[in-house]
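Please see the structure below; I have some questions.
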Amino acid sequence: MSKRYLLALYNNFDEAEKVVSELRNADIKGFNADEDLTVKSPIEHPEVEEFLGDKPVKIQWFTLVGAVMGGLLAFFLISGSQAGFYSQLKGGKPIVPIPPNMVLTYEMFILGGVYITVLGFLICAGLPARRSPLYSAKVSEDQIGILVKADESAAATLKGIFAKHKALEIQEEAGR
Amino acid sequence: MHFSLRLFTLVAGLLLAAASHAADSAPKLTTPDDLGPEVTQPIEFPHFRHAGDEKDGGMQINCMYCHTYARRSMVAGIPPVQKCVGCHQNIPSVRETPRIKQLFDYYDNNKAIPWKKVHDIPDFVRFNHERHIKRFYFQQDRPYQEVCGYCHGDVKTMVVARRQKPLTMGWCANCHQKDHPVNATSTETGHGPNDCFTCHK
Amino acid sequence: MNENDFDRRDFLKVLGAGGTAVALSGCGYTSIEDGKETVTSYVTLPSYVIPGISNYFNSTCAQCEAGCNTMVRVREGRALKAEGNANSPINRGKMCGLGQAGVQAHYNPDRVQTPLLKGGKAISWGDALKEIEGRLSGVKGDEIAFVTGTTSGHAQALLGSYMEAVGSKNHFSYEAISPAVVRAANKKAYGVAMPRYRIDKAKVVVSFGADFLGAWVSPVYFSQQYAQFRKGNRPEGRGVLVQVEPKMTLTGANADRWLGIRPGTEGILALGLINALGSAGVKVPADISAAAKDYTPERVGTDTGVPFDQINKLAALLKERTPSLALAGTAAEGYAHGSQNALAIAMLNHVLGNVGKTVEAAAAVPFPQLAPVVGNRASLTALNDGLAANKYKVVFSYGTNPVYSAPAAMKFKDNFGKAGFRVAFAQYLDETALAADLVLPLDSAMEDWATMVPEYMAAPEGGYAEGYAQVSFRQPVMNRLYPDTRSIGDILLALLKQRKPEAYKGFDDFYAYLRGNVLEKKVAFGGSAKDDNDEFWNDVVGKGIVALKGVPGRLSPKPSVSGLALPAPATPDSAYPLRLIPAVSASMRDGRNANEPWLQESPDPLTTIVWDSWVEIHPKTAAKLDIVEGDIVEVASRSGSIKAQAYLFPGIHPDAVSVPVGYGHEAMGRYAKGVGANVFSMLDPVFDKETGELALNETAVKISKTGERVIIVKEEGPVGGSQAGRPRIAVKVPAGKVDLTKEV
Amino acid sequence: MSVSNLLENWSKFRHTHPVDDKGHEDWEAYPSDIKWAMAIDLDACTGCNACSVACYAENNLAVVGKEKYAHGQEMHWMRIERYWGEENGEFHAEQGAQFLPMMCQQCEAAPCETVCPVGATNHTEDGLNSQIYNRCIGSRYCEANCPYKVRYFNWYNYPEQEGAWPSPMEQQLNPDLTVRTKGVMEKCTFCKQRTYVARNNARNEGREVADGEVQTACQQACPTGAISFGNLHDPASKVAKQWAQQGVDINKDKQDKDKEREKIEHQDKEPEKALRGYRILEELRPYPSVMYLERVRDESAV
Amino acid sequence: MTKDIREDIAWAQINQDVLKSLENPRKLYWVILFGALLVFSVGIGCEIYQYINGMGVSNKNNSHVWGLYIATFIFWIGMSHSGTLLSAILHLMHADWRKPIYRFAEAMTTFSLMTAGLFVAVHLGRVWQIYYALPYPSERWVWPNFQSPLLWDAMAIFTYLSSSVIFLYIGSIPDFAIARDNIHPGWRKKLYSILALGWEGTDRQWRNFRITYMTVACFLIPLAVSVHSIVASDFAMSQQPGWHVTSFPPYFVAGALYSGCAAIITLFIILRYVFKFEEYMTLPILKKTVRLTFAIAMVWTYLNCIEFASVWYSHDQVAKDVLIQKATGPYAPFWWAMIFCGSVVPFVMMFKRFQTNIPVMFAVSLLLNLGMWLERWMIVAPTFSHGYYPWTWDHDQWPSLIQWGIVFGSFGWFTLLFMVFCKIVPSVSMYEVKEMVYHRSQATKKKQLGIEGAH
């Protein structure tokens, strides 16, 4: 059964919030508020998440793994190479001196952390992404966009809801 | 999302494994052959004929019969013309061949032969022939052709000598970190010096 | 020719061309491409030459008159380094900086390479010799003069016969710096000109300006004796060194007590000491005490500027610790009354009974014709007068540089010009060579054959050898760098052949002459008649030293004090209030080695100045003239003036200033030319009354600032010789507080 | 190999040196039975410069000339320092000057080694402080951290550009060691090329290096024999005897005799006759391998 | 008089104003750009000369082996810290006044690090062998010496540089999106759409964006601190008097923040003028920055004092000598100049009327930077000329023109990079300004409600 995409633009978050809550409460066949509802905003806005219901963020795990890996890699790379065939005394210090190696381990710990976190960000935020079916430059300016994906059948009802809250503009497009 | 997390952990794991392997694995113990360029010498000296095996028409002369300084000094040196002449005076059969004629020209005009260096290492490196020969030829009594061959390759098959080994630092180190028996009989082993100052001057 | 020897020289011919090419390329920049470099190889090679392993050849150092025996390191036919010959009684395997720099004399880029006419036109040896022959024809023998430095050995023998052949007696042996006055005084006092001093046996050494550690007579030998002398576990106990001199020398810097005495009053102090010793109950011969009787400590104190209790203390020390040794050196002899000074000091040894104990007679070589003809300054005066009077038509000069080192007041350069034809045998185009009509290039000491007999005959290890004498051999350690240079021996031989062809036709070169000559006297040279010639010769050359049964010298029991009368200390004249003391530094000496960069670059031990000359001024004097370090000052005497940078130096008498000799060449080469100022040029022509030696320290000068100021190029930092309160950098400890007996 | 090696021989790689070495034998990272060391008798040293020139001759040191010397860019590995007696800010010369030959002290725990970013300077098995010219990238950190300031940097390209060896002078160069080029640090090596030959000869003949078998150039030249050089681990060697006799221990940053003395002086008693061995800047704990003997001066003449 | 960002400013307006700065540059811009190019080329010239003839031409010497290069290196590293301070620390502290200015501060971080990186190379005697210092598995199987503080430096700087580049980029993705949406078609539009990675501001993107941004910020703070402590340890780890000081790491960090803030003020004023950002880079922000700077200045002064005090009351005579020599020796003028610029000049910032006085603040900020540069020089040089070993002291050592030239050139390089940056990346963060404005308006709304409620 073919799907339709609807994008409604609103002036401010309060209106958007009303719309979203209505959409989530109203039980419309062929439209799942948790999956098919996306809010696009020009600024980062915590409330959006509240009224969308909480969605888990996994990035911390990337960070953890990355940092740990970086640290381990550093320590073993360094100590390993120090203990190589050419291992020679330097300044009476042990051939594998812990404090200096710790410094570098620390740096690599951070390096790994940062890199992998960003990697995680790209993966989790699904970037780089292809342009989604409906987008309005207004969103990056000052308006809030609400993008929904629903069955043909539900489209009308949804439009109704948008209109009710006097959407500035409603775009719609067919999709799979 | 969970999939990508797993995937990522896998990738990272592989990365780490690879990296640690890099730090971990010893240099390869094989000594690769990489053939140096052809060198044209004032006289095309046929090594195979002097040092080669009987079946190839060689005379199996010990390398150190001519390169006699190798076991006495850091540098192998080049035998003085005198040495070649010493034998060839008494070999009338080849006396008239072009190379030998050349040889005698040099000798009669008391001119040194401008041999070209084939196995040339940088000036900041100290390679001691004497030590290596003492260690492997005299102490471990391995066959001389093998011992010289470690660095000079299979000269006995060549006409004009040509570099066969890379003679790079890593290549030297490959051998230095191997444990060699200290002499033919004993089971005691030791590796070459790992002290920079021994080979760098 | 001898077979082995032929081998050696033949192998010397093949230069390690490959070797040098490699040597110059530093790290990172070396071609390691196969077949680019040539391998050093030889046609024939004696068994003892192994590429990559050095050979050592014994030879003899020609850098100064001490004649140390060297052992030269040779690799692939290149002489690399001069080291001491361990079997030498003179230097016992040691080597001074000056000697080390000998290789740079050999490899010097500024050497003369072919015979040159005036104006630098190169000619062949044949023409050169013809030219000389031509010029000499019709010239009477006594119109020919030969000026040399100190010469000895077979070259001297040839020179002697040549002078004889041309019928000339005018061989002037000139050394700008030589202990000539002391020699004369010694002859009077001990009966020998150059006795053997036993510093190693003395308990106290009082040295009147003898810089025996730096530049006096045979420094390396004396240094080793000094090492013995300082040993705490020596039977005599640790020695005490007192140095008496107006300008601190290297020896002064190592003294336990340095007495900055008023210039010229050294003799007075000596007599003062004798006087003090007498009154302390030491038995003094009548005539000596007569000579010394007026010199009471008080008077001497006022005359010399040495506090008189110091004098008594010193006398007491000398009385208590015998044997001691008093030395008269360059600083003491450089006056119009130099010989009196030296004599007075010699008397001190008599009074203290050192003669025979620490002053010994050395032996002489049994062949007078080989004995050294020692240089002095009087001979220069003689030559100069002769030249001025147009007595000489042809002048040969070898191994000395009078045009540079003669005081301007003597007008030597002009007088030299008066000679009809001037030939210089030279290694560099120095001032004299430039003034000559014909310059003949000499071999370096690494290329020629020679023998040498040291003037100061050192005793071999193990102390006093009654009749020990030695002849040192010099052999070529590498092939000639430039085919057209000749050894002085070869040249003299060639000249002789012009006169007596038949007598010398047996010898085709000096080598042959030398060898023949030595083999002839095989027995005298310590061989036995039945020795095989070649073996004997190789043995001699191989050792480089031949010990001979010498003619023992005799010390005269009764010294003559005749004419020992010291003038009252000179009153400073108002126009030129200061006394100029030309300083002889260990490495620069009289400047003949100035073109060896190592010597220019190694700092003067006391001032740490490099690459320039300087004026040492006592801080007090400087303060009076408000001169600060680095001021360019003009030092002016009646006979000339120089400009140099001022250096404030605590080790000099306030009434004296000192400038090092050996700098300020106008020619000679890239490293010497224009470096510093030539102090010889401004010396007053004052001469020692008895010997007629130029009195080096008699020049009165005045100092004026030019207004310029430079930053002195020296090794020491802005805090000079201060340790800035750091407790343990260079530590000094009183002898009483330290236990030296058990030292290794 | 190396990580497993690391884990297997962990304790070995954790030794510090020289203080907690239990002898040198049991430590594979420092197996040699040779420890080159020096003793310099300042009482015998006359400051004549022979050693310094010998060093130029042996080690291919460039002559930099007046202008560069003025900039403090000289290359002498062995410098002779001259000090005066000092009283309230004025120099006095009555007791002569003091001379101090100063060259690389070949520290056992060298400050220069740890800081080199590329590890061009290390501690060799025979107790030297190596300098690998071709590895050096010229960060000059080693000299910055050297308390004695005895390392010398090639500020210019002396062999090729500056013409330090105008032909034929380059023929004098010693083929046993490199001519250093622009941008590398260099310093005294205790004449490595000589010790190297001596050690190889000994090894070939299957024996230990005998005392006096190898001399450094400076030692060989020194007319008064003020410098002695040898193997500190060979109790028969002169150097070892001297160190022992002077009660100087290479593993200490403060010698027992000094502690002793201080104690006595603290109780203001007159200490008995002292020994004169000491090491310069010992208290910084570089454990230098050169022992100096104090200069002795006799007061009786003053 | 001090007017702040208007709350009622239209968001579209913000976009317009900022994007304007990306397009057709004014003449002044070109002047600066070419000026910078000129200065930079001077530096290049000197470097080439030095490369050909050897380090000697910089007139360092054997006891005095380091000079302006290291000093300036530290200076640039230090300058980089302010960016992190503003963007990371203040971000975590939700100080929203930072929002209009943190972008260029971060850019400054990046570029000054790049400049510092140059000096590492310039300083080396054999820069063509620099790869010896990189830890890569080579045929020789030799590795750099990981004990060397210089290597820690390299690692720390690399980490810091790459992290702050990433931080800068992530932070400006939404702005790239804006640029993409608003800029007229052309290669720039293509460029921005690539840079924007298809950002649409969906709730998912924003959610992850927030976490990431915060996490990286958290990493950056300890990193920044570690970087300059490590630079400090180049000296503190050594044995030399005047370097071997325990308080060096914090001292360096404080100094770094200090010079950084000073530099921010300078650039703030320049940008404000060049790009007409009066609307956003408002005087109250300047005032806040100035106050912050003043606080840090005082911290730095304090650390200075304790450093001197700890040396003074130690028994380390050698270190004491160095200190005395700094104050009285040949370096005295520079040392006192540093004290003046670093500790006296900032007191101008105490006075309200100066805090927003653009010309005065401009002058002051320049003086502070000069002072901080001198500080670095005074750390490096005097120790060499007055170290442990009196014989090697050298008070006449003076950097040659070559050395000065290269130092001079580095400023050109920095400006060059910065000028280019301003034309590619929006130097004011648009979306965050919007957030700022939004929150402000919310707050005021609440206030009004509160007031009404009171009635």
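Order of writing sets the chain letters: A, B, C, D and E. Residues in each chain are counted from 1.
We adopt the following convention: contacts are C-beta pairs under 8 Å (C-beta built on N, C-alpha and C of every residue); 3 or more make two chains touch, one makes a residue touch a chain.
Predicted, not measured: the structure shown is a model, and the values here were computed from it.
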Partner chains shared by chain B and chain D (touch criterion as defined above): A, C, E
Top-ranked pair of chains - ranking by C-beta pairs in contact: C-D
Label of the chain whose CA centroid is most distant from the centroid of chain C: A
Per-chain CA centroid nearest to the all-protein CA mean: D
Chain centre separation (chain A, chain E; CA means) in Å: 31
Rounded Å distance between chain A and chain B, as computed from the means of their C-alpha atoms: 62
Distance from chain C to chain A - Cα centre to Cα centre, in angstrom: 91
Residues of chain C touching at least two other chains: 22-23, 25-28, 711, 716, 722-723, 729
Touching two or more other chains - residues of chain A: 76-77, 80-82, 84-88, 90-91, 93, 120, 124
Overlap residues in chain E, where contacts from two or more other chains coincide: 126, 129, 141-143, 145, 147, 151, 388-389, 391-392, 394
Chain pairs in mutual contact under the definition given at the outset: A-B, A-D, A-E, B-C, B-D, B-E, C-D, C-E, D-E
Chain E partner contacts - residues on chain A that touch it in the complex: 38-46, 48-49, 52, 55, 57, 59-60, 63, 77-78, 81-82, 84-86, 90-91, 93, 97, 100-101, 103-104, 106-108, 110-111, 113-115, 117-118, 120-122, 124-132, 135, 137, 139-142, 147
Residues on chain C engaged by chain D in the complex (per definition of touch): 15-16, 19-20, 22-29, 75-76, 78-84, 91, 93-97, 100-101, 103-104, 107-109, 204, 213-214, 219-220, 223-224, 226-227, 230, 232, 238, 240-243, 248, 250-258, 260, 313-314, 317, 481, 586-587, 597-603, 605-606, 608, 610-612, 619, 650-651, 670, 675, 711, 713, 715-716, 720-723, 728-740, 742-744
Partner chain E, residues of chain D touching it in the complex: 68, 71-74, 79, 81, 102, 111, 114-119, 135-141, 143-145, 147-149, 151-157, 161, 182-185, 281, 284
Residues on chain C engaged by chain B in the complex (per definition of touch): 14, 18, 22-23, 25-28, 30-45, 50-53
Complex interface listing, chain E residues touching chain B: 137-142
